[in-house]
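In the two complexes that follow, chain A is the common piece, with chain B as its partner first and chain C second.
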Partner chain A sequence: MTSTQAVAAPPLPPAAPRRHESSASWRLTDRLGLAFAWFLGVLFCAITAAIVLYLFVQGIRYLRPSLLVTNPTAGFSENQTGGFFDPLMDTVVIAVMSMAIAVPLGVAIAVWLSEFGRPAALARVVESTVEMLAGTPSILLALFGTLLFEAPWLGFLSRTSGTVVFGRSFFAAAAMLSLLALPLVVTSVREGLQAIPSHVREASYAVGKTKATTTRRVLLPAARPSVMTGSMLGLGRVIGDTAIVVLLLGNTVTNDPSGSAPILSLLRGTGSTLTSYVYYNAPTGDGDQPGKAYAAAFVLLLLVLALNLGVDIVGRRGRDLRWSS
Partner chain B sequence: MEFLTPPPIRRLSGTESEVSKPTWRDAMGRSNGNGASNGNGNGASNGNGAGNANGNGNHGSMFTATRPRVAPATIAIDRMQVEALSVDYGRKRAVDSVSFPIKQGEVLALIGPSGCGKTTLLRSLNRLTELTKTASSEGRITLDGVDIATIEPTALRRRVTMVFQQPNPFPMSVFDNVAYVLREQASRRPKKRVLQGAVEEALARAGLLEEVRDDLDHAALRLSGGQQQRLCIARALVANPEVLLLDEPCSALDPRSTQVIEDLIVKLREDVAVVIVTHNLQQAFRVADYVAFMYLGELVEYASAPQLFSAPREQRTKDYVSGAFG
Partner chain C sequence: MHDDVLIDDERPVDPDRRAELMLGALVCVVVGLVLAMFVFVLHEAWPSFAHNGLHWFGTGGNVDNQIDAIYTSGDNATRAVYTFHAWPLIWSTILIVGGAVILALVCSLFVAVFIVEFAPGWMRAVLGPVVRLLAMVPSVVYGLIGVLVLVPFINNNLISEHAKASVTPIITLDGYSLLAAVVILAVMIAPLMIAIFVDGIRAVPRGWLEGSLALGVNPWRTIWKVGVRTARPALIAGTVLATARGIGEAVMLSMISGSVGFAPNPADGLVFIYEPSRPIAATIIDNIDQLTSPPMRHTLYALGAVLLFSAAMLSFAGWAAKQPLRRYGVLA
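The block that comes next holds the complex of A and B.
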């Protein structure tokens, strides 16, 4: 047997220049369709831009730095009614609490659905439950929440007087708001897990790892961008919701703690968020302080825009580290 | 016309070499008495080569290049025996009563058209088929004389590791990709410096260490496709397995990376029994010592690579390697 030198592989051919297909050769109806699609796309952008621009103009007109650090007070004119420090802080508190419930629960449900899902019948039920939850108007969840949290055995989560449970607190609102975020987390994480090629799972099994190990050390890290995306989408939903806050957070313009324990008293008490503040101060609301409403709405808009930007960045970062398929 | 010279067939005893057309069942029989037959094969192979030159010797003219590879390995240690293995997916039979040996020191290539059961067969060797719910199997596979059905799957899969068609590094650093295998299930212990030696050795065996030495903490998914695949090989080698299974390891790679990996496969066969599934006949020709041709779940022919490519015994093999179908 003669052993010869390995033959070098041929060099790569130069890449061909890419050309764009022109629609000039298309049929008239196809070209009209394309033009219509373009028009709708531009129109959609214009409408969104108009909303954002309008709120920007109004917001900048009414927003003063002092509004961010002062609390609402009673008064007759906009000069007297103070700012929205409490609603702003409560928005953050509510968001953190809701996500603390929704993310672990959502990830767990998504992992179970995507990786285990036995028995299949139960998986189907869970799946449609999550879908149903996604389509449930938040006012229904809020209404259900008022029933649930007025139950005597949940009295420790809100204000009580004698045997009467008030049923409105940060706990109640956060629990119901987390149900709004949950489907978004589940859907996103599930899609993330399903996008992982099966051979990646098998590669982990093929070096002697169990399914649990594979899920924890390979699949969840791989799905991290999806977890982030889902969380941010959910967060956007949570800070944007009004119905649950109005019904379950008590909608008191400032925080009204219950009890004397340092943090617990706040969380058992009532308050308001930016959305309920806007709701209250809108021209049609009880407060009727449009300037304040615009300023708060502007802050809310900035929060949501920042979140969307975050979703975009996270999604982009996850995209370049993928397996070829 | 220069014919390729077959490597010494080490398992042939003197008398058996007289049989001009041994069947794969003979190969099975011979391998059972393996210990005694090591090392007495060189003469026998010459006889076999002469046998190739007559009869259907002109066949397989597309494989006349001298095989660009190092000399045949000098050892052949029995690692696995596949005995009358059948695998079904539901009612569909994917592998039908297949038997052959797998030896350290040799590269065994499984060839055949799509859907012929070669990947299923490969996945049976580390019980990955069990992950498919509808799959069921009969027959016996032994690893070093022990039925693999009696071995814990996670333990078996550390001894019979696998590299897949698509490079699939885990979403962690280059170092952790390899260290992951050595660590106890999901734990992050032992710590990095304890594993450093073993990880670097595995990367070196996979021919990747020089390229990644300074980037061990970088994300493995940032490596090129060929590097990723060698990382997967390093990952498969780090636990010192007895058998390395390769499922079309080069089909997603460019020719240069393919060549690097083929060279690597030939180098590795002395330390580990290598089984490679390939669609690519030329690749089987370049890397394999033995070739098993499968068709519709059946093992049609099991023979040394030179013989199977230049003088196949079965008509179906002949048609397949000459490109008549597939």
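The block that comes next holds the complex of A and C.
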């Protein structure tokens, strides 16, 4: 190996800085370390492949088209318990509602942090708040949401009986889930805004635009890929979360509207999403229908795979639009 | 504030000023909401802490029986029971999260180094999406796989009859165990660590690594002694985030950990990794139907307050650990 290199040795172009030299000359411990790194890297891929393949196999075994259009019913066997039309629809409703809160709010916070950020003390507080929020367990947001939405003045957002506010509704769940997605949106958008060189801003100021107009017409369009990335990462967390849904969406197996107004009653009522459906139907849950749980988990995995692909595509497009410095 | 009034009097409102104030108000609302979370949760938790004092964190009695007593005492208005000793739950959280974080930290470091420096191009192209996919898989899916695959496997293949017999008077071993919880939790939090570690190690200036290579140090040593060391703030940030996620993981752990208020005892020997337990977050979600009973409600919020305090402390520790490194201009 070394001898052929010594003979042939054409000088490598400097454009290829990666060294693929042999590790034969290293100490044994270093070589073992490298082998271990290889092993872990391959193991990681194998675990992922195993999870995805296993869920695909089980999903194809248990998923019937009829499951997607029928509602869950009470029963004791897989034939009787129906499908998961309501959980699937509720997942979509919850995702749309919470992103409708999280994206504008996240973009606003990111713009304030990156473009204004005065007074500096407040900016530091906001930064650590966002960081804190990223580390806050979702079960705590759920507990906090229970307290918040049981307050009498928020009673119009959920079911009430007399003076008792039930505090569990689509509104409550979506509001708390948006807090879960918020840090991801803020971080991503902020990075996107900071990557825009200052001469772009200065060019806009030079033609007489105000800071607000510059942000709206120049900076935000330029940061669109990072807004998309942040939203999709946030969406991934929203549709993957179970604790908030179990607590704040009421975890009724089918939709249970409250009141008579057509759409509002649904949103004030309770329901369940795919994640809480899986939780309910797992052997440890009350439903205990593993076949149904596998089918729903498979649909959930497909959603996540689609989101992952979306992040990839947006990331690639964002790379094409890099600023020349 | 006085400036605003003067400007309002003299000329039309500056659109920038208006935008800044509106965004600032919005930001303040979010900060206020997070502050309110602390106040609300601690306020709701206070009766439980007040009745138990520091014994709240101690041992004594069966925690599941205590929970039952607290819950049923909510029905009769005469006397609420608050006696609660949470040590088995805290110990379970420490064991599961500690084990998973250590396991994930070691693996993630090697994988991150591998991705940055040693993986061939095709391998890197595969590992990137794989890490992101694993990070996005919902925890309930991990839980389902754990319950239906890993737990039966442990029960059938790893726990011997002898091991089961050795702890029979105290606890039954059926596969729902520390081991299953640690393994699945490690798979769950490793991608978070890897993503942050890779970013951190990539941000190390190329020249520093080249300098080490020029001195004749081999690439493996170089990346560990220079790259990983320089990326320490990223290592801390990733570990803190992963620990916070692990402590707060309720659903998956309530499915896999066994959901028994039992403190696994290392004195049992190696069997103890097969013993079931139940961490704090899983306790909250398991007993969530009991929020209707006032004393139980206070107890559950007290458990939540402990989680909130741990998350805040982790966040603070991460920040504090980064400070001395800032001096050297390391901003990873």
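We adopt the following convention: the second predicted complex is superposed on the first by the 286 of 325 C-alpha atoms of A that agree within 3 Å, B and C clash if a C-alpha of one lies under 4 Å from a C-alpha of the other, contacts with A are read in each partner's own complex, and residues count from 1 in each chain.
The rule is short, and it goes like this: a residue touches a chain if its C-beta (ideal position, glycine included) is under 8 Å from a C-beta of that chain, and two chains touch if they have at least 3 such contacts.
All values derive from a computational prediction rather than experimental measurement.
Visitor: Could you tell me if A:M89 is touching chain B, chain C, both of them or neither one (first, second, both, neither)?
Guide: neither
Visitor: Check the residue A:V218 against both partner chains and state whether it touches chain B (first), chain C (second), both, or neither.
Guide: In the superposed model, A:V218 contacts chain B only, not chain C.
Visitor: So, does A:L68 touch the first partner chain B, the second partner chain C, both, or neither?
Guide: neither
Visitor: Who does A:G208 touch here: chain B (first), chain C (second), both, or neither?
Guide: first
Visitor: Could you look at A:T284 and tell me whether it touches chain B, chain C, both or neither (first, second, both, neither)?
Guide: After superposing on A, A:T284 lies in contact with chain C but is clear of chain B.
Visitor: Chain B or chain C: which reaches more residues on chain A?
Guide: Here the partner covering more residues of chain A is C.
Visitor: Just to be sure I read the superposition right, which of the two partners does A:H199 touch: chain B = first, chain C = second, or both, or neither?
Guide: first
Visitor: Touching A:L302 in the superposition: chain B (first), chain C (second), both, neither?
Guide: After superposition on chain A, A:L302 lies in contact with neither partner.
Visitor: Between chain B (first) and chain C (second), which, if any, makes contact with A:L264: first, second, both or neither?
Guide: Neither: A:L264 stays clear of chain B and chain C.
Visitor: Jot down the residues of chain A that show up as touching in both complexes, chain B in one and chain C in the other.
Guide: Chain A residues touching both partners: 210, 212-213.
Visitor: Considering the complex alone, what residue numbers of chain A touch chain B?
Guide: Counting only chain A, the residues touching chain B are 1-10, 12, 197, 199-200, 202-210, 212-213, 216-218, 221-222, 224, 321-325.
Visitor: Residue numbers of chain B touching chain A in their complex, please.
Guide: 5, 7, 66-72, 126, 128, 131, 153-158, 161-162, 164-168, 170-172, 180-181, 185-186, 219, 221-222, 225, 232, 235-236, 239, 245, 252, 254-256, 258-259, 263
Visitor: Can you list the chain A residues touching chain C in their complex?
Guide: 17, 19, 21, 23, 25-26, 30, 33-34, 36-38, 40-41, 44-45, 47-48, 51-52, 54-55, 105, 108-109, 111-113, 116, 118, 122, 125-126, 128-129, 131-141, 143-144, 146-148, 179, 182, 210-213, 215, 233, 236, 239-243, 246-247, 275-276, 278-279, 282-284, 290, 293-294, 297, 300-301, 304-305, 307-308, 311-312
Visitor: Quick check on the complex: what are the chain C residues that touch chain A?
Guide: 14-16, 18-20, 23-24, 26-28, 30-31, 33-34, 36-37, 40-41, 44, 107, 110-111, 113-115, 118-119, 123, 126-127, 129-134, 136-141, 143-145, 147-149, 187, 190, 206, 213, 218-221, 240-241, 244-245, 247-251, 254-255, 259, 281, 284-285, 288, 291, 300-301, 304, 307-308, 311-312, 314-315, 319
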